[in-house]
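Order of writing sets the chain letters: A, B, C and D. Residues in each chain are counted from 1.
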């Protein structure tokens, strides 16, 4: 823990920006609520992504100018958005044909916990008395070709979010491909969590100390 | 067979006209190829039917004026038609949502054979070497609320089409509600074939002689 | 002449009965048929099972129906929103039960109900608490769950324009669940900002064909939930 | 900039491989992508499994593909039409196999394939020869058959207008199976009478959203099967 005082890791915007770098030009992308939404502000020069929102719009654009919005043109987070040229509206069944049918290239979601076998928990802490709410998360992880997560590496209390196995109720089994945290980019491979890169000024050991499962170093050979 | 020389029964048009009398105003109707198509020409005064064709049109209108048609505006029989005011086009899955989902009030089909328990055979004689072709018939009989048949009472060779049990491959089991033939109108009830009315100049015995199962007279009590 | 127009929202919902299952269109406020819901509150039917993606916001529309104690069960995917305080109270008190369904499964179950498909298989929720109790089956080496179609006694829907045959077009993302619900209810009621004659809508662009719609009522200037909440409104 | 337009029908079908499964849009001649089919004949791929409601007419379009010996299996509902003589010959000679599927089940199987639904239950064909060998199950006292989703390697589709993102609108009853097939193929190729820039189609009226379409090619004056047959045409 010796580095603690000097390590800050990436900001929310930087995590989103790092994630955006890995999304190929022309991808059809669904962005979850929270940090994932910030990806849209960091599309690399020369690339174009087409955003899907599960409530029935492909080709979602940014928020409208103040006063110019339509309360019936919203995203899955129920915030007003716009429609880009080439957009299309459709019903909810067709929207999930896109998701469940494997037509979306990629989704970027938040996480409460993710296990070394790629299980994701991101909809409920299972706390007694909480109102359970799942939305489209289970459909997205089951259907979208590639699932990226953006999340702080640990909870506010410093507990690891990357764990051997999730204690919270699952969203999906073995569904996560890659995780972008403030501290590192980590792939889920057959052997577990493999570090792809460390954030500037962050050591492997520092990340390992804050991770609830063994990390495989970036240069280790794997069959993942 | 003493009446043979004087009995002609209803014409094709008269059968269609008789059937049309029983269709309530405002019904959503699918008409099969052949005699059933003639129903559209005999809508009783003051009633309006909306015609569905399974290839994706609700609100089908009559044939276009010569030269005014569009080869891509056709009916299930692949003949050019028109679209009435209030029509809608839709894809094939949605078209069969209407059929399978029980949204159509009524369909009128042709028949090769119909059994006293309402089984219908109308797609194949099972002859060796014949190319089997079913189209939408099995979906129609399985999904539409009320299934009427219009058919000659016997084959060209004088064999009964109304039989105890069908020898031809079935289209559906227990699906037929009412049969309009040149000789009679006959309901399929729990006890079998019940005569609703005889065509002008046709006796019960005459029809019975040409039917392959017992007929229940029109005035017999049934629980059908 | 076929004319499905009725003169008032009150007439449109007059026959909703106690214990009915009611699908209500909308995702958040987009597509929420607020005037039909308020008419249903006035009408008085209770012990309703309501199917909607959410549970309403503030104390208007669906939230007001729940607050009035009329909803004994909600089937939805996301009963948690900003300004959603009514449902949590009714849920915690045990007055309103909850069947939580993943959003895509909810949409497809409604479509299946309308399509005469009693059940289908989906990969969503396999291995999760929402998959518990469902039959599991493997196709091509992957696990799926069998889920059942959903139907309803009534669907209350908001369109942009409807014609008197019941054809409907929608506004942007207000479309969402409504075209599916229209197919899955025994009686589908549509409120639309304008009701026009048959033939005024282009047959190429109709989203809900009239066969699925039983009543149409004009509500010229429909309220938006967010505007009502901002104005501090509650219903009744 | 996303631009799915390719310059020729030859380029559009260049990668169709021997043994591929190809869905071809159209019901009879309405929506038949004749120019794409002719390009496929020129391209030479063989041992194809073709999914189409019918089996073509005359000796153009789909019938020409069958006549050229390229189709080892047809999956369809109605392989019998006026002027349909090519398929019967190939079927009786054993060159082309036939999987006959009720029309509504065929449409729904394609939709399911595109929707990630491996199987569903339908009441169609229960108790008939086309239901033999299928698993039967009772829901609410009624019998249903389990049928599997259908997918393909390629879909060849005819639209009226497409934009460069792949959004498509159709002409009247030429729509039929095409929007379903677009969702169910790994590679969907659309010929359209005009190809326009993204933004020129109203997002409210798009029938096939661009996510389902991989290539778009302009065929300004597409041939109609009936006109070709009337003119005595055959292909090649």
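Side notes on the structure shown:
To be clear about the criterion, contacts are C-beta pairs under 8 Å (C-beta built on N, C-alpha and C of every residue); 3 or more make two chains touch, one makes a residue touch a chain.
What you are looking at is a predicted structure, and each value in this text was computed from that prediction instead of being measured.
Using mean Cα coordinates as chain centres, the one most removed from chain B is A.
Averaged C-alpha coordinates give centres for chain A and chain D that are 36 Å from one another.
Chain B and chain D have CA centres that are 30 Å apart. Between the CA-based centres of chain A and chain B the separation comes to 56 Å, rounded to the whole angstrom. Chain contacts: chain C has residues 108, 111, 115-117, 122-123, 170, 172, 203-204 touching two or more partner chains. Residue numbers of chain B whose C-beta contacts span two or more other chains: 57, 83, 89-90, 93, 96, 99-100, 142-143. Here the chains touching each other pair up as A-C, A-D, B-C, B-D, C-D. Interface residues of chain B facing chain C in the complex, by the touch rule stated above, are 26, 28, 48, 50, 52, 57-59, 83-90, 93-94, 96-104, 142-143. Listing the residues of chain A that touch chain C in their complex gives 53-57, 70-74, 78, 83, 89-93, 95-96, 99-100, 119, 124, 129, 131-139, 142-143, 169-173.
On the side of chain D, the complex with chain C involves touching residues 108, 112, 115-123, 137, 139-140, 142, 144, 148, 169-170, 172, 203-205.
Contact residues of chain C toward chain B in the complex are 1-2, 111, 114-117, 163-165, 167, 183, 197-199, 203-204, 206, 209-212. By the touch criterion given at the top, residues 27-31, 53, 77-82, 87-88, 91-92, 98, 100, 102-105, 107-108, 110-111, 122-130, 170-180, 207, 224-227 of chain D touch chain B in their complex.
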